[in-house]
Structure formats: structure tokens, C-alpha cells
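Beneath this line is the structure, given in C-alpha cells, with notes to follow.
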Amino acid sequence: MQTDFTISTHGPGLTEFTDQVARWVAGQGDGLVTLLVQHTSASLLIQENADPDVQTDLRAYFDRLVPPTSDPAMAYLRHTCEGPDDMPAHIKAAMLPVSLSVPVRAGRLVLGTWQGIYLFEHRARPQTRRVAAHFRAD
Amino acid sequence: MQTDFTISTHGPGLTEFTDQVARWVAGQGDGLVTLLVQHTSASLLIQENADPDVQTDLRAYFDRLVPPTSDPAMAYLRHTCEGPDDMPAHIKAAMLPVSLSVPVRAGRLVLGTWQGIYLFEHRARPQTRRVAAHFRAD
Amino acid sequence: MQTDFTISTHGPGLTEFTDQVARWVAGQGDGLVTLLVQHTSASLLIQENADPDVQTDLRAYFDRLVPPTSDPAMAYLRHTCEGPDDMPAHIKAAMLPVSLSVPVRAGRLVLGTWQGIYLFEHRARPQTRRVAAHFRAD
């Protein structure tokens, strides 16, 4: 079966949507769920869902690794017409996952204890993001 | 069903092969296509297919993040026998995707409007690259 | 079919487990194997299995790209309570693959000649890591 998840973001950072995926596969037995973010300026992450500082730190690290094109260090980049956050968003979207697959057993996602599924928004403004989802029972 | 795609590269940079994948799944109904690049010095990307500057900028960014081993900043690396572009190619191949999965609906890849599928060549010279492909109908 | 692989690590670096996966799918015909590391401080890599210097260099590069939080350059990070290697491990786990899919043909992993499957440990101390595995015959 297939569906699309819609995730509203509030500017850059991580938004967890583990529950949406978990509810969708509940009662489906064993299988495999695959997610694909349908944008080139946002990513999918499986990351720690315990201490929210981890999410803040992930954003801070990648913002330093890939500064806005308004930063003189990024003056060599050409694709700047859509704003200083646009090309860095494409770079982060290349570096971080666009698709993820998670085994399902007895209708439950086989995630580790501390793992959650996140949409990582890289653009400065709030966006509505679509994640295509596929589940195939064994 | 399974196949291999062959992609000829012209030195470093992105080569789009969305059409090859789209033609292969056309008429196959619903399912999931999975791609695996069979090399450790090239990557698979889903990226923007509108402004070609995005592809130029992606290459420029990753070339700066991972300079050739001839750069003094990379003097700590040991695997230099295959040329100054070799170990950086392995590093980029670790950092960027080696496998991708894309849902298929009614024989069409469920990609976003601006998304294309690319082979990202990291070696300096032209290469012939093989991408293993798997499609399973739902 | 599904299983879990257990991989003991000896501190930071790559541990190959291609053989465990290959043995598991041997005799299974055609299909697709998917792996998911169930931790947020370790990664899965498909990388060169020929020259062991490649593995040493990969670790060296990512240790420099993401230094421990005891490094003044990382003073802006907040999640430091679990040790100076913890938040860098999360960052590396965001940047490097958490899930991988490999086609299987006639019971054999369709890997390139020089490709092996690795667990990349990012924590300083030895750990016992679990990788969830899913195989679906075509």
C-alpha cells in the first residue's frame, strides 16, 4: 500500500513524524516501509528522540558546515537567485538522506529504543512538505 | 524484476539518468524501485533538475569540503597510491547515498516536480559506472 | 524473512559484516535485502574492502570534520552530558547512512567487486550494535 504524509515545517530544523508512520503500518503484520521526501531542500533523518538538544545541535552543526550564500566563504556558489538559504538547502539535501527504509514486524516499526523519524527542513521559511510512503507486506 | 543501468561519466560531476529508470518501470503498475551504485567512488543523488547551476554548485561544494590529497590539508590521509582524487572519492561515496528507493505508482516514479535521479562521479577521469536496479510490484 | 545481526565494535572505526549478510541470503533466489542500524551513534557503509588504509582514512576524515565537543571549535553544541564523543556521533550518524538496500540475485548480494558492508562505530568505547535485516524474495 502507498500513501503520502504531509509535514508542516516552521522554518529550519527537525520535525518528528514517527507516529504518523507507526499508525499507518499498525496491524499490517511483517513487511518493509520506505519513505521518500519529494523535495530537494529537505531531508529525512532517523535520530535520537530523547534529548531535544540533539535536534538543536544537528541544525547548528549543519548550518555551520553549509553557511548561507550571503557568507563570503560561499561566494563561489552560483545558484543564489532563490535566496541565501536555497543552495545550502540543496547541499544539505544531497548530504543527508532522501529515502529511508524501516523493517516492520507484527505491525510495528523496528526502530531502536531512542530512534525517531524526522523531516529536516533546510529552508528559512515554513513549508508544507510531502513524503511518499510505500509499505509491502512480506 | 532486476537490471543494471550503465552510465558513462565525463569526469567529476552529476549525470542524470531519470529517464532510463522511468522507462524501465513504465507500465509496471505500483511497486518500489531500488538502485545501488556498484562502486565506492561514485554516488547516487536525487536532486534538482531545473537550474543546471545547482549541479555545478554541488560539485564545487563537495570538492572544497573534501580536497584532493595533493592539498596539504589532506596530508594525514594514507590511501594515495591511486592518485590525489581517489581517497576523496571514497570519502564522498561514504557521505553521499549509495542506495536509493523510489515508490512507483501506475508505472510512474513518485518523484517531486523538481527531482531527478543522478549519478555523481567523484573520480577525475571518465568512467563507466554500473547501477544495479530492483523493482518489485506490490 | 527478517533477522537481526549483532556486531561487536572495538571503539571507533569500521567493522565489516558482509559475510553475515551473504550467508543469510544464500540460497534465497532473487530479492532485496534491507538493513537498518538501530542506533543513533553508528552508521552503515558500503565501502572498499581491498586496502585497509581506506577504512583508517575514512575514520580520520570524519573525526576531523566532526571533532569531539571538547574541541573549542565545537563549544556551541549543547548535548555534551554523555561525553565529548556523543554529539559528534549523532552528527556522523545523521550524515552517513542509517539504512541500505542491496539487490540479491540467485542468492548472492549484487555488490561491486570492491564493495563490502560495514558498521561504522562513532562512539569512543566498544559497543554491541544491532542491525535489523529484511529480505523479500521477488
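A, B and C are the chain letters, set down in written order, and residue numbers restart from 1 in every chain.
The rule we apply is simple: contacts are C-beta pairs under 8 Å (C-beta built on N, C-alpha and C of every residue); 3 or more make two chains touch, one makes a residue touch a chain.
Just so it is clear, the structure is predicted and the values come from calculations on it, not from any experiment.
> Between chain A and chain B, two touching copies, which fits better, same or different residues at the interface, with half of the numbers shared as the threshold?
The interface is built from different residue numbers on each side, given that under half of them are used by both copies.
> Write the angle of the rotation needed to overlay chain A on chain C, where the fit uses Cα atoms and the result is rounded to the nearest 5°.
120
> Give, as an integer number of Å, the spacing between the C-alpha centres of chain B and chain A.
19
> Residues of chain C that contact two or more other chains, please.
Within chain C, residues 65, 95, 97, 101, 136 contact more than one other chain.
> Which residues of chain C touch chain A in their complex?
Where chain C meets chain A, its residues are 1-2, 34, 36-40, 65-66, 76-79, 81, 87, 90-91, 93-95, 97-99, 101, 130, 132-134, 136.
> Of all residues in chain B, which touch chain A in the complex?
By the definition above, chain B touches chain A via 30, 32, 45-48, 51, 53-54, 56-58, 60-62, 64-65, 95-97, 100-103, 105, 110-112, 114-115, 136, 138.
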